[in-house]
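Below, subunit A partners subunit B and then partners subunit C, in two separate complexes.
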Partner chain A sequence: MKVQIDAQLCQGHGRCYDLAPDLFGEDDEGYATLTALTADGIVPEGREGDIRLAAANCPESAVLVLEEALNDRR
Partner chain B sequence: MTVDDRFTDSPFQKADPAELTRFEVMDGPVSDWATDFSHMDEQYAENAHEIWDDLRGRCPIAHTERFGGAWLPTRYEDVQAIAYDTEHFTSRAIIVGNYRPPLDLAPVGGVPPISSDPPFHHDARKLLLPAFTKANVAKQEVTTREFCHSLINAFEGRDLVDAATEYAMHIPIRVIADMLGFPTEDTPRFKVFVENALEGINRSPEEREASTEVLFTYLLEQVRDHIDNPRDDLTTYLINAELYGQKLAPQHVVGTMALLLIAGIDTTWSAIGASLWHLAKNPEDRKRLVEEPALRATAVEEFLRAYAPVTMARLVKEDVELGGVEMKKEDWVLLPFPAANRDPEKFERADEVVIDREVNRHAAFGLGIHRCAGSHLARMELRVALDVWLDRIPEFSLAEGAPMRWSTGQIRGPRMLPITIG
Partner chain C sequence: MTTETVVVVGSSTGGVRTAQALRREGFAGRIVLVGEEPHEPYDKPPLSKQYLAGEWELDRLALITPEAAASAEIELRLGVAAVRLDVAARQVLLADGTALDFDHIVVATGAAARPSPWPADSGVHVIRTLADVDALRADLATGGAVVVVGGGVVGAEAAATIRTLGHAVTVVDPLATPLARLVGPEVGRPLEELHRRHGVDTRFGVGVEGIDGSAGNLAVRLTDGSTLSAATVLVGIGAVPNDGWLADSGLLVDNGVVCDRYCRAVDSERVWAVGDVARWQDPRYPADVRLEHWTNAVEQAAAVAHNMVHPDDLQPYSPLEYVWSDQYDWKLQIVGHAARGGRYEVVGDLGSDPARAAVLYSDDDGRLIGSVTVNWPKSLVTSRRALTAGDVDFEQFVEQIKALPAKPPAPAAR
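Moving on, here comes the complex of A and B:
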């Protein structure tokens, strides 16, 4: 699974870094960022659920989840 | 040292009466919510959820001839579309009233950046965002918690309190006074400023202007005091802030201070009050949150969805067809985020309060470029306020037979909330 923040859509609501503060962070203006754990958009194993929950709570739908069926169904 | 002479004269500018478009005040009873709604009506304050549900089923965009003509969408989809569409809708005025401000107030507006349009909006907002990040507002948490405890200490020996005026209201007032660097003893005046700005919209333009002038005069005194005695707070920050290589216009400084003072108070007061109201009348939810503090953050999001306090407004910039209606240039459009939050097309069990709702893409803080800049601050205050209350007063209920009142206008929340402790 991969994750991205769509910077055009993100308005800094902060639901992602509220729900998963180790997987998402905030920049100096409150816009969402990825963190060391999600660098390059790679989701750590076992954290797929947290990523999906953050995405499902983003009011602007700015957390983009790219499912990779193979890795995901293990 | 150069003298800052921007604030020698009052930045308050009286509008040229010839440039104001005035409308007859229509404050009689509502005949039909679909064609004659009024968000200033006590019925609307009391039964907003039922009214929105009814309108969503049969309109879904209601209209009124009041205020010179206004629209009220009720579906999430329509509210979202308007919030995102800055081409057809302007934020030049964001509180519906009986007169429209002059066209040339755009793109800055009276209280930037909430009243600003792109591209100016982006730059004015950028100045404010760093002060309101989650990390920065967390610095206020300890003092906010202490302050909440002090409010509850004052309940000692009483079994009947007004949670709206003796608890919820004081929290955002104190927090914003601290952030702006205003004297604590001035805080009783803030409630009056807020009421004048948000609830007095059926008063005459002259009366409304006079109360705005009182507010601006107060803010100007604070600015001058901060110029003489600079300190580490938002007022000094705004006085020194620069945009496009220049210090901000005095109207911008004072307008933004007015925004920070007004927007942070009624809204958070309402959210805290509505959450306590829900818990006071739903003992199962109350007991669960007392026993499971870890669930409180999730519950706060559900309270924000179900009792979102803030309805914003826009003016139509160019004629546009939306949701099956023809909106004309200069019509008002209300943006009831709380109605969007109860749209069953968007939320399962939309009309129920589900305190452990995990997926909750609510729009309590708005959508798009005007997302509430203070949302992280509001969340911190709401969480701390509920935390302290639930830990200190685990047993409470609505006082039987005592009057309870919801505010009219664009900010909805309890203004009287008698609670029995124990």
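Moving on, here comes the complex of A and C:
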């Protein structure tokens, strides 16, 4: 599974990094970032549920989840 | 629970997120998601924002695609309403005459726009569903002045969007300031100013007596004796829970499905409720609560899924209230309680252009109870964490917010 934050969409509701603080972080303004664990966009094995939880809770659909770890989406 | 069936009625935020959360919780049985509207499940907040503005197409509003539903083994039954619930027989009857058997049922039928009490021939709209907004957009396309009745979240947002589309807009509300049920005048007045700066005529403290005429030629009579003429009128005066279909179910329904602390209907352990239609006993409050906020629907969905899958570990549902609203260049975020009066402190400036501020609220004992922030997500998430932790000294918290980096608002490109 892969994950990305769409910075255009993110409005800093902070749901993702409050729910999964080791998978998502925040910048100085409160917008979401990836973390050391997700920096390359690859979701650590066994953490797919937390990524889905964060995506389900993002009001802006800014947590982009690619279910199969295929090649780059962009 | 591998052989059990869960029927979720209502295919919007609450229903879709419940179905997904059941799978996250490991539920391996059958999940059927029933929805009255024929559209693939779509999200509502953009309806008064990007979708009304014509900036986003429908596909940007998707809550779950048919492919994602299929891969999660969520059966979609769209375009058919649930019409009757037989709790004893564990069966729900659909409008097409078919019936679904269930072990558990989740009521996620949400709310409908409160209809306009002022009959007019045509041209008077509400916003709740995609069909509502499409009809409104069709009338807006013919041009002309617009009167928005109601300065709550939906009315105020729609007024901002419609103004930005170039229409002359007047907002009318008997309450003193916009968003009065969520925020006090300390935020409401600057927000009204924002609307006026953008050229919206505002009539707060004035009610509507009647609406006459038809699309393109409407007259809105106000309680102060004046009359506004409009091509189109939008009535945004709140929502009523979609609980009518449960009238003969035997369930206790009272402005929503009445639930216990675990979001289970008080009369049946097999019936659950989620989102705008759910009224439940939050252990923090003396009276039942019903919320009409997006994050509540999502969090309640997760709570119901957990409680259904783990009956031996029932968790009371007690969320921290959170709602946001986008109007012009204001990104308003409201957490906890802000409209309860009492002491408050403004950090930053709500009158500047663009605004950047946090309004912090204290209870009588000097503890933080809520925050309203504008264009300052960092102060919002800091507030939410403090409120989640609880028992935070107000004075100290004000200092903490003042100490946050005073960076200018993010560039408009965000």
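As a convention for this text, the second predicted complex is superposed on the first by the 68 of 74 C-alpha atoms of A that agree within 3 Å, B and C clash if a C-alpha of one lies under 4 Å from a C-alpha of the other, contacts with A are read in each partner's own complex, and residues count from 1 in each chain.
The rule we apply is simple: a contact is a pair of C-beta atoms (placed from the backbone, for glycine too) under 8 Å apart; a residue touches a chain by one contact, two chains touch by 3 or more.
Small disclaimer: the values here were computed from a predicted structure and weren't measured.
J.: If we overlay the two complexes on their shared chain A, which of subunit B and subunit C does A:G49 touch? Say first, second, both or neither.
T.: In the superposed model, A:G49 contacts subunit C only, not subunit B.
J.: Can A:N57 be said to touch subunit B (first), subunit C (second), both, or neither?
T.: Both subunit B and subunit C are touched by A:N57.
J.: Looking only at contacts as defined up top, I'd like to know whether subunit B or subunit C touches more of subunit A.
T.: For subunit A, the partner with the higher number of touched residues is C.
J.: Touching A:E26 in the superposition: subunit B (first), subunit C (second), both, neither?
T.: After superposing on A, A:E26 lies in contact with both subunit B and subunit C.
J.: Just to be sure I read the superposition right, which of the two partners does A:Q8 touch: subunit B = first, subunit C = second, or both, or neither?
T.: So A:Q8 only meets subunit C here.
J.: Taking the superposition as given, does A:E67 touch the first partner, subunit B, the second, subunit C, both, or neither?
T.: Second partner only.
J.: Which of the two partners, first being subunit B and second being subunit C, lies in contact with A:D40: first, second, both, or neither?
T.: neither
J.: Quick check on the output: what are the common subunit A residues between the subunit B footprint and the subunit C footprint?
T.: 11-14, 17-18, 26, 28-30, 53, 56-57, 59, 61
J.: Quick check on the complex: what are the subunit A residues that touch subunit B?
T.: Per the stated touch rule, the residues are 11-14, 17-18, 26, 28-30, 53, 56-61.
J.: Residues of subunit A touching subunit C in their complex?
T.: Where subunit A meets subunit C, its residues are 7-8, 10-15, 17-18, 26, 28-31, 49, 52-53, 56-57, 59, 61, 67.
J.: If we count contacts the way the header does, which residues on subunit B are in touch with subunit A in the complex?
T.: Touch list, subunit B to subunit A: 126, 129-130, 132-135, 297, 301, 358-363, 365, 367-369, 371, 375-376, 379.
J.: Considering only the defined contacts, which subunit C positions touch subunit A in the complex?
T.: 17, 20-21, 24, 43, 45, 68, 71, 294-295, 298-299, 302, 322, 324, 331, 333, 376-381, 384-385, 405, 407, 410, 413-414
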